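Can you read through this structure? Questions will come right after.
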Amino acid sequence: MLRKIEQGRFGELIEALLARGPLYAPVRDDRGVNFQLIRKASEPTLDFYNTLQSPKLAWFPQSEDLIRYRLAKGETKGEAISGPVAPTVVLGMRPWDVKSLAIMDLLFLGGGKEDPYWLEKRRLTTVIGYGLASEEEPDGADFFRTLNIGAADSDGSDVFLLKKDGDLLLEGITERGKGLLGELTFLKEGTEEDERYLVAAKAGGKDRKTRFFDLDANAAADKLKAVFADNTFWEKEAEGCISCGTCTFVCPTCHCFDIADETLFRDGVRRRFWDACMFTDFTLEASGHNPRPRTFQRLRQKICHKYSFYIEKFGVVSCVGCGRCTRLCPVNIDIFSLVARAVNL
Amino acid sequence: MQNPYLPMPVRVIKVTTEVDTGEIKTFRLAFVNKEDEERFDYLPGQFAELSIYGKGESPIGIASSPTQKGYIEFTVQRAGTVVPGQVTSALHDLEEGAIIGIRGPLGHPWPLEFLEGKNIVVVGGGFAFTTLRSLVNYMIYEENRRRFGKISIIYGARLPGLLCYKDELALWGKRDDLDLCVTVDKGNEAWEGREGFVPAICKDVAPCAENAVAVICGPPIMIKYTLPVFFNLNFSKENILTSLEMRMKCGIGKCGRCNVGSKYICNDGPVFSLAELDALPRDF
Amino acid sequence: MSRIGVFVCHCGLNIAKTVRVSEVVEFAANLPEVVIAEEYRFVCSTPGQELIAGDIKKYNLDRIIVAACSPLMHEKTFRKVAEAAGLNQYLVTIVNIREQCSWVTEDEDVATKKAKALINGAVYRARLLAPLVSRFIDVNPEVVVVGGGIAGIQTALEIAAVGRKVYLVERTPTIGGHMAQFDKTFPTLDCSACILTPKMDAVLQNPNIELLTYCEVAEVKGFVGNFDVKIRQKARYVDHAKCNACLACVEKCPGKGESEFDEGLAKRKAIYIPFPQAVPQKPVIDRETCTYFIKGKCRLCEKICEQKAIDYEQADSYIEIKAGAIVAATGYDLMDVKPLAQYGYGRYPAVYHALEIERLFNSAGPTAGKVVMRDGREPQSIAILHCIGSRDKNNYEYCSRVCCMYSLKFAHLLKEKTHGDVYQLYIDMRAGGKGYEEFYSRLLEEDVKFIRGKAATVTHRTKNPEEEGKLIVEVDDTLTGKFARIPVDMVVLAPAMKPRADAKDMARMLNLSTDKYGFFMEKHPKLAPLSTMTDGVFIAGACQSPKDIPDTVSQATGAAAEALTIVSKAKMELEAATAMVNAAACSGCRNCVTVCPYSAPSMNEEKGVSEINEALCKGCGLCAAACPTSAIITRHFTNEQVMAEMEGLMEF
Amino acid sequence: MTAFKDIEERLKEKAKDLLEKGEVECVFAYGRGYDERHPRPYVAKTKEDAENLVFNEYCTFNLARYAVKEPRKKIAVAAKGADSRALVQLIQEGKLKRENLVILGIPAAGMVDAKSGLTLDEKTTGAFANPVVYDVLLGDKLPEAKNSPYEVLGELEGLSGDGRWEFWRKEFARCLRCFACRKACPMCYCDPCFMDQSRPRWADKSPTLDGNTMYHLTRFYHLAGRCVDCGECTRACPVDIPLYLFHKRLAKDCEEMFNQAAGMKLEDKPVLVDFRVEDGDEILL
Amino acid sequence: MDFEPKILGIACNWCTYTGADLAGTTRLKYPQNIRVVRVMCSSRINPSFIFRAFQLGADGVLVGGCHPGDCHYGTGNMYARRRLAITKKMLEFAGIEPGRFRVEWISASEGNRFAEVVGEFTGQVKGLGPQTKLKIKTD
């Protein structure tokens, strides 16, 4: 089903969504555009190319409380905080970001153990994807096409959003999506012409130019395993790396986290929060032994995890080519060219 | 669905100091809630996260055998040299009656089906003997004993005072359905047993590779010198098993900390055959 | 989980009057990890101590907290109790609910609330305390005394007297120091040599004293109880082992040098002993003035010496000494007055400084005790100028303390020996000391002209005939308020006593701090005037500040006692609450090495981490706060412990 | 002013020369990144490598950060004004040895932060145009900025205390704890950092506002009198926290109280591990 | 009921702590909002202690040490002075009222001074009201 609304009435749409429950959407501040929990209908914007950080925080917040406890005489009881997650909407996710959810599902819901926190939010959250309109040029750091992601792919979204002249087209993809659109009675029906436009846009999105090389996932996986032991290669690639966590924190598919107890006075929470395989002490064992003491080993782990191990374990590349890691890397390390070099070694 | 991050309460019912440095203790834990006990259905080789609120969690191999009913045991070494580890030292301060938390069982057990009908050579060094102890107690349990062939155990420590489970070793020594060989790098006047490094002992015990599996756990240096011995005895890499130590947090293959190659040690391990390890990038 | 016992003291009514003790006890009893909380009227009393000891056993406590008076009062007491009950003393925490709670308020609620908070803080901290054991180190029984002046001599003799071995290190060829140069000593006017030489001799005779003249300290390593001192024996070119002190060599020697002992007023030979009563009596050769060393021939001394003691090939050699304590008695220098051009020293031959005058008076001196000037005349009028460089913002702000008195002495002796007019130009007359004021009054009788005012200039520019051929001392007489010109034949300057030129090097070697002038700093100006910041190193005499002979000698005796308190023990206990480095966390930034006043931390260069010598550490924690990675752990005051206590204090 | 292209040429030449003669083991400089605007730190180990060196207005990295990891090697480092100050500071702290360093001084003005598009000058960071210490100078000396690098503080200093707290609270709240600031900082050579300590845990391990505040305040303090205003922390920050403002302010305070600026003289001692008897109590007011 | 500030004192063992005891033995009265932590030397104080104290909810922090020159350890308080000066500037620039942090040199003989300073400081902090900026929100 296809609905539409004038761009001028975007605010109404937001109002309606806010009325239904929590809403995450892109908001512009003095530093750029990022996903935020919306308070006022005026906050969100659709005038952006890509958010600085990935929207993963809606499902996998940077910091999430798991258990609350109070240190008491005798037994210290802990109670799980699986706070009632309300049906939530995330609006304005670019196709590559939407794709990342499926990749994360494999990990958080796979391996025979489901992560209740991720599962709960996935179950209750409606994704409104946001296609890249034909006039918008991809950023030089992007390479989603290499990952075979179209600039206007709608798969993975519940509702797919696309700009058309003065209008916003909303396509219901999943049942949940269609249900949502159904509730938004003030939306107008999309016309045949809109349909055609949409189809064309999606097709056009497929061969939208970003940086590209012909990536065969399985071949890359094997190649990287072969290159793994080539320390000189990795040392050269990593010589600029400062081993910070920027690339992993802005990455939509990085999932590593740490768990810690935070106690003040005698009240505390057990909390999980983003961690990064790039950190020196990520693998440091209590004994003092560290299997990855050197920077190149950590960079190698990160690259191979995405372009080899993940493929071997889950069958997909753990990267969507959003270019965030490259754009925000303090020393301009570029995963795209790095992998290209490795694969063509 | 049961929240895998929420520890189940257990009561400390017995604390045994294993070594005379006091740095290794065994904790006998009993579940506070019956249903938790039933849910905690484990096999030798698995581990669990012991949790102390305010300090955190620590992944520890299960030292008891499921054949021992009513309790589970964990042998814990106080971590850290100059600055003691938060959790392990908190555990060491525990007294009987204290209540802590446990998450698990986690990871894969020793592949018992694979071991069935085979001769088992158990090789352990120092503190790393814990899950091997579990395995042995499991195998020599009367209902299980016949499922396995010949059982030979080689266990070593640096000094007599650093051997764990001394009483149990004594009992095993009396049994005729297993060969026990306990050794120390350096004995003392009181010591009557063997002297010598584990690899050397393995050499002259020379277990036969015929239909046999070697299960080896110990400090890296011991492993390093023991493996060649077994290769020379024609043990295939498929028939040598070990258990990996890796920094783990979540224990259910999500947090990524223990990722090596395509494996998440906590979830896909910690038990591996050498053949499987060879397939992994050398990054552990 | 630790097992904490809390004991709250009533201290009679001292605490109980304002703090509701039972309420506090109940509060404490409910805190996690507190196993038992008790109250008692006087916890420090025997029954109180028994209560604690009993509970430690009964509840097998591993921490105890005593809420009572200040730790400065009874911490030791309760630590003993714990030790006796088999609990490490460092697991005791004292909560000060008297001096800093019940005594400083009358409000019951406030006091009770505060007491609770303080105890809560203690509980937070106690959990993290660790047992500490004091370590002991062996102490080397021997002592090194640096400086062979009266201070050093006195110290050496005192220490030797109790049978301890002493090494007395003197830089010149003889001991005796400045005192040996003096003629008479104030206020008693007894002859300096007569009281000093017997002591010098006693040093020579004492089997416990090893005399190292013509030696300098080259290096000091180690720490209290275990110093390694390296001594440089300067080449004497005379083998003292062979020399029988016949001094025939001195007779024959053609070389001529200026006598340091006579302040250059007389000559000495190239091979010489500084003065007749020098100790040792054996000569040294001065390369600078020795004909053989200058011209390459002569060797007269060698020919004359029956003992074959002369050895031109001799080179500096080194002696390594181990010692438990070191006493620095390196004395003072007289300020060089040449730079003070206004007084004309060096420009006008008739201007002398104090030590020169001492030699002029001395019967064994250059003039055989007659006061004649460089031109051979006997002065008919003499002006003695006080405070030359002392009490002078531009030079040395301090008072040199002895000048007033020796200036009076000079006046007296000059009167005696010249019958000339003697003027004293002083700012204030300082005569504090036994018999000093009396001496001053006595001089007032002796028609010495006292002029209160600091001499401005000494000039030869004359204004009238009667000034002809004289030196004019210009001065503002602050009593008459008049500007005076005093024509005299001779001017005597009383220059400031200043630290030895190389005092800073010595300070560096011994790791002493110095004041802004360069005098060695004592540990505490009142309570530890002989000790220094470096344990086992003590100071005596003028190297600490200007002082007269009586003060010097009493200091020397005190320093000897201080040194003995260390070397008389075979072992010594070290501070247990010291700092240590967690090498795994050290980033090698060197902050600790830079800031430590005791040089306890040092850099292990190839490991790239710092290491702390606990024998040197005093546990102040300066380094810990300077350590960016908190790799330094100050035992008993760890970051964790301090912050935990803060948390507890702030909770309620 | 010497054109960047010429500097690049001289850089290549010098690097080649040094490597050929074997006078250094490697040269820390800049190499091509994924495009012109994104060069990368580059380590030339052979004279062939030297060919790959580049220099343009985007080569903002402070390479002292890499040099400090090689205390024992004999190395050459390309250093702009602030970078050379970092080297000096590190020498003061005994982390580097002057004799092991060949400093290739680069007088540079108009450097640009590719991410923000801002020019490096006294209004931002890295205002220092000329290296303070160097062995060779790869360009002509430039006039130093006239305006004080501290003027930019005026706005913040003008605010009320509440205003300033509001400002910093907002900024600290953004912090992701990616630690890019400390990892990019040449002075943050500590490994582990105090933040990695578990005993004591100075700040929440999780990214709470309080933890972030503690982290940044303590880090600011650790850099007091040491920060050379190169601005790497701020450029590295993925959420653009203007850390340099706080660093500048402390640098200013240190100059006022102890009249010493970081990394200017080889013989200086870092102000916080030093004292003068004349230090008065007025600094505590 | 009017605002009663929580004040953390950090005192060096040799001078200020002893001075505080003296205030007690001479029965001087002063506000009891202060709770003193004893350290061996003011140079033990890590500026992060101060930040932490405020996070823990201290409304004011008072540091006491020996008078410069009288440090039991010689030069400890000389370093402390510089560190704490920086700390003060930092608080001020971060927007925390500088009046909440104070360093005083109080010798063992200055019991009355201790009482005075605490009284004065407590009043000052009272005037500033509760410290809510760095304080960790506990709900």
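So that you can tell them apart, the chains are marked A, B, C, D and E in the order they are listed, and the count of residues begins at 1 in each.
Methods note: contacts are C-beta pairs under 8 Å (C-beta built on N, C-alpha and C of every residue); 3 or more make two chains touch, one makes a residue touch a chain.
Computed from a predicted structure; not experimentally measured.
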| item | value |
| --- | --- |
| Third chains touching both subunit E and subunit A | C, D |
| Partition of the remaining chains by touching, absent subunit E | one piece |
| Touch-network distance, subunit B to subunit D, counted in steps | 1 |
| Chain whose average C-alpha position is farthest from subunit A's own | C |
| Chain at maximum distance from subunit D, centres defined as averaged CA atoms | B |
| Between the pairs B-C and D-E, the one where more C-beta pairs touch | D-E |
| Centre distance in Å when subunit A and subunit D are each reduced to the mean of their C-alpha atoms | 32 |
| Between subunit B and subunit E, centroid-to-centroid distance (C-alpha), Å | 52 |
| Geometric centre distance via CA averages, subunit D-subunit C, whole Å | 46 |
| Cα-centroid distance, subunit A relative to subunit C, in whole angstrom | 71 |
| Per-residue overlap in subunit A, given as positions that touch at least 2 other chains | 71, 258, 260, 264-265, 288 |
| Residues of subunit D whose C-beta touches two or more other chains | 191-192, 194, 199, 202, 272-274, 277 |
| Residue numbers of subunit E (touch at least two other chains) | 47, 52, 56, 75, 79, 83, 136 |
| Set of all touching chain pairs, with the criterion as stated earlier | A-B, A-C, A-D, A-E, B-C, B-D, C-D, C-E, D-E |
| Touch list for subunit A against partner subunit C, complex | 71-73, 264-266, 288 |
| Touch list for subunit E against partner subunit C, complex | 6, 8, 17-18, 20-21, 23-25, 27-30, 32, 35-41, 43-47, 49, 52-53, 56-58, 72-76, 79-80, 83, 115 |
| Complex interface listing, subunit C residues touching subunit D | 516, 584-585, 587-591, 594-595, 603, 608, 626, 628-630, 638-640, 643 |
| Contact footprint of subunit D on subunit B as seen in their complex | 83-86 |
| Subunit C residues touching subunit A - in the complex, by the definition given at the top | 30-33, 584, 647, 651 |
